[in-house]
Amino acid sequence: MAAFRRDLFSVLVFALVLLAAPLALTNDYYVSVLILCCLNAMVAVGLNLLLGYAGQISLGHAAFYGLAAYASGILSATCGLPIWLAALVAVTFVGLVAWLLGIPTFKLSGHYLAMATLGFGLIVSIVMNEAVELTGGPSGMVGIPRFALPGLSFAADLSYYRLLVIVLAAIVGISLNLIHSRIGRALRAVHGSERAAEAMGIDIGRTKRFVFVLSALFAAVAGVLYAHYLEFVAPSSFGFLYSVELIVMVVLGGLASVWGAVAGAFFLTVLPEFLRAFEDIEVLLFGAILVAGMMFLPSGLAGGARRLLGLLQPKRGRT
Amino acid sequence: MNLAALLQYLVSGLTVGATYGLTALGFTIIFNTTGLINFAQGEFVMLGGMFAVSFAHLGLPVGLAVVLAALATTVVGAVMERLTIRPVAGAPAINLVIITIGVSILIRGLAMLAWGKDTFALPAFSGEVPLLFLGAAMQPQSLWVLALTLSLLAGLRFFFSHTMYGKGMLACSFDRRAAYLVGISVERMVLLSFMIAALVGATGGAILAPLTMTAYDVGILLGLKGFAACILGGLGNPFGAAAGGLILGVLESLGAGYLSSAYKNAFTFIILLLFLFVRPTGLFGRSSGERV
Amino acid sequence: MRCATMIAFTLCLLAAGTARAEEPIKIGAIFSVTGPASFLGEPEKNTALMLVDKLNAAGGLLGKKVQLVLYDDETDVNKCVLAADKLLKKDKVVAVIGPTVSGNTLAIMNKFSQAQIPLVSCAAAEKIVTPVNPWVFKTPQSDRQAVERILAHAKAKGYKKIAIITVSDGYGQAGRAVLQELLPAQGFTLVADEVYGPKDTDMTAQLTKIKGLAPDAIICWGTNPGPAVIAKNRVQLGLSTPLYQSHGVASKKFIELAGESAEGLMLPAGRLIVADQISDGSPEKKLLKGYIADYEAAYKIPISSFGGYAYDALMLVAEAVTKGKSAKPEDIRDNLEKITGYMGVTGTFNFSPTDHNGLDTSSFEMLVIDKGDWKILP
Amino acid sequence: MSTVLSVRGLSVRFGGLMALDGVDFGVEEGTITSLIGPNGAGKTTLFNAVSGFVPASGAIELSGRDLTCLAPHARSRAGVVRTFQNLEIFANMSCLENVMTGAGRLSGYGVLAALFKTPRFWREERAAVARAEEALAFVGLAEHAATPAGDLAFGNQRLLELARALAARPTLLLLDETAAGLNMRETKALGGLITRIRDELGISVALVEHDMDLVMGISDHITVLTFGQVLARGRPREIQQNPEVIRAYLGEDE
């Protein structure tokens, strides 16, 4: 009960802070950055359920993100479906793909699992590039309408941002609720020891598939919202490198911490904006920060924050 | 079916496959000592090519340029291990993998600053007059590549099964603590594995440069294909890595020739996935690495 | 005492007045300085920076300094969108040149018509200007014009069966689409339609397949290093079929990479790379030679033909500002549309409300590579 | 007295090696039955086969219910819960959470209940916490509820694993070398604990153990395995005096 109240409270505070953030920012431009932060955070939180909690790697999450973006884009722009329906179909479609993919894939583990998900991501990326009639090919697909619900418009970036904050808060809330339940314990048990988890009556195959589908669904929601924000999609946004970036967000944020994933996503999205002033050495600094971050904050931003809290108030129970 | 064309596809596939196999060998060496996938392995290959081009531009003979390039990259490998891997020894594998990703970004960035964004070519070692057999044409350089792949493979096999250092490195991958207890310096073995991986990768990169050309960003794709080759062959087995690379290359070439050049990579990866679903630890794999 | 105050006050006003006059004209730029398209973006950035210095050294525009606010989109759509937002909302520029690649241009075009700021793109895709977006222009020739040049040459040679091999990125896709449309339309047979990846290092498989189909000519559409690999593979396989390249490899780098395999290859290209061979005394020669001399003096590296797109984009904006004597975004747009007969590096621009590219096939020459250098085909 | 576990004609083959060859094994309700034998006799393999971790041929019944077709997790849900020779605790969770995972065998709420915090969710969570705390108290780890499991001392990790299994309220508890690595004092306490599991909780226990003092002290029945076959079975006194068993042990160990 206490954990639940604390989660509810933290999610509310988080949403309110994000909603109020644009008031403190001097420029509309920052809203665009925040929007990308929120989108990345949605995917990262989902991936963290899979990677951080259940200990299963996926190098294919960019593909789920991209599949949903394209599906919703094609359904609304080319087929003329209402946006909300297109979005719903796209998310469902991605969930189905993840479920089907999960059946053979989770017979694998470790590096082999990484390869299988990576391969899936690459195949999807190739199809996006080559199925020109459907996707518009490498130069992308234009004419995707801005997200709207019956009676609600999100034409202005600020209103779109508010929508994203609410969705992100919901995703965070769902994740926290799951983590602090039998299901969350099952996820971590699978990570801790698959044999012991089985001996405790946990169906590890089902558990892995469940969290895989769930994290794919979060990625899909983000993908749909991405496509209808940018009003444009191109395969290059959904490649292997984005999958790697997502993993980095999760690990740098702190494995097995929902808030860590959010922090990692925000940090890694905003960082290039700060490094931009350094022009040519931007990439160098980015790489160096990554290496240094992992060396000096082995449990990520969340671990660092926890340590800081621990220093401030030495006796604390559960984290 | 045209036999000459089929033969040409096979030859082309083997040539490309050798480039994947060479990269894959480097992965194997570090994996065998640390259980780690080094994402900067592709950058070692890139550095080999770029250094060789630079040395050749200085007017050195190509052979010397290749040797110097390999040595220079070995130093890079050693520095990488000392600065970024050793200080965090014992960290979770996923953290180390992220560190290698960071290092690869760093090396790529440095290479971009040092050499610019252009593509460079290195002159072929023994000219560019194609060799013909049974209607299939092949660059003399391809023979160099295949020969190098095979001799590296033989060398590594010998190293891992017949030398103290090689056995010590293998012991580290099975059980670090036990290796330490029987008097093997795990630290030195890890350092050595990064140096050898860099050496192998760079030699490959330098020998490939006349065929494939080189630029600061060729490491990403090579790393990706090299990793796929490792997995297909079964992680940790040098023979599997080389075989995996050659198989991938031939699959791509046949896919491009008989199916669709647009989907040749998709075709290759679908086969790889189906294969993994049937054989979850690759062609010659021992039990899967559970570290990630 | 009072007098002194008055003088001080007047001085202040004067100072304020001059300060206002010196408030610069802000022009935005987005180039892919890093990432896969950096071979385009880097010379574009160099050219734009050099030109702005030159403009300012000559007194700026309308008596004001020109300030170039330049962002690198890293050839990444998301970064490009952020850069566009930054230029529009934070830097409040009056016009933007770039982005370098078509996909990124397509992704941000709508933002410019919404914000009512003119965009002069340095990317080639036809989709950028058809249908015409009132606020968007582009300086590179369309692929259609390059293809038409090639096909005119092929027709004259009597070639019938054509094989194409294109790279699977935005550039190759655009060329492939035009080729697929124009080849049958002009009476050619498209016998093979092969594709290769931007980072592929061996295309013998595709060429073997093409060889088996015995075409009269091959057209390759890509940017370095792929086409150089194809040139080498062609020689390796002993293919004597004529090979056309696209203007995407119109740089010395291609000849350097392909080496002897480049001999005899043909391609359409702007006149920048053959400035020496244009008849002396023509104003175009003077412009091109001047650009080359300035660039090589400023950066101590050989010029790349791709910087010309940025040259034209910036100079067209400057021309529109000077002609219309206004640096307001809507005036720049209106005056851009009125530019005719303007000689740029890429060709002579004739903008109109229905043509926001303003170039025709005359901006291309057919070249052949001969003894390691370009030669204009008659 | 009825039979909880009945294994008949169990065979397990690893490649060419017969690890178990037609073994019969049974556990009577409310007893502690030990499985002993030299190294490599197939004791752990038998446990693995019963809990479903290795494929086996033969019949395995729990209180008359056929288990052979069930996956490991389903056998656990049916009531066979085990511990592991090599500790398999969830080092990434607190002790209480570890044990609640075991208790989770008895809760059945789904994802939606967890998301919307239904009354059923709260009821079952509270019950799980109560059961987990009870099990921790039973093994004497009550004060460690919030400690990360990985931080516990080795002996306590053994107890934690035991508590986790107990919280699942199994019909049959399989203990695989639970005393391995414990000192004499800890082993003695463990013996007492296992007896209490039988007497106070009424759980039938099957035990694989090398420590003969422990085995002889607490077992009701003993089955001896060598080379994948049953060598003898009987009460501790009978086994101690069985000449074949003595020979097998003297021949192999000491």
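Order of writing sets the labels: A, B, C and D. Residues in every chain begin at 1.
Keep in mind that, in the parts below, contacts are C-beta pairs under 8 Å (C-beta built on N, C-alpha and C of every residue); 3 or more make two chains touch, one makes a residue touch a chain.
The structure displayed is predicted, hence computed values, not measured ones.
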Distance in touch steps, counted as few as possible, from chain C out to chain D: 2
Which of A-B and A-C has more C-beta contact pairs: A-B
Chain whose mean Cα position lies farthest from chain B: D
Distance from the mean Cα position of chain C to that of chain B, given in whole angstrom: 37
Centroid spacing, where centroids are CA-atom means, of chain A and chain B in whole angstrom: 31
Computed distance of Cα centres, chain D from chain B, in Å: 47
Set of chain A residues in contact with two or more other chains: 130, 283
Residue list for chain B, restricted to those that touch at least two other chains: 112, 220, 262, 265
Chains grouped in pairs wherever the two touch, ordered by label: A-B, A-C, A-D, B-C
Chain A - residues contacting chain D, complex: 1, 4, 174, 177-178, 181-186, 188-189, 191-193, 195-204, 210, 256, 317-318
Chain C-facing residues of chain A, complex: 27-29, 32-33, 36, 129-130, 132, 137-140, 142, 230-232, 234, 236-237, 272-273, 276, 279, 282-283
Chain B residues within the chain A interface of the complex: 37, 84, 87-88, 91-92, 94-95, 98-99, 101-110, 112-113, 220, 224, 227-228, 231, 235, 262-263, 265-266, 269-270, 272-273, 276-277, 280-282, 285, 288-292
Of chain C, residues touching chain B in the complex: 34, 36, 38-39, 42, 165, 168, 194-197, 199, 201-202, 204-206, 208-209, 211-212, 224-225, 228-229, 232, 235-238, 253, 256-257, 259-261
Sites on chain A touched by chain B in the complex: 51, 57, 104-105, 107-116, 118-120, 122-123, 126-127, 130, 240-241, 244, 247-248, 251-252, 255, 280-281, 283-284, 286-291, 294-295, 298
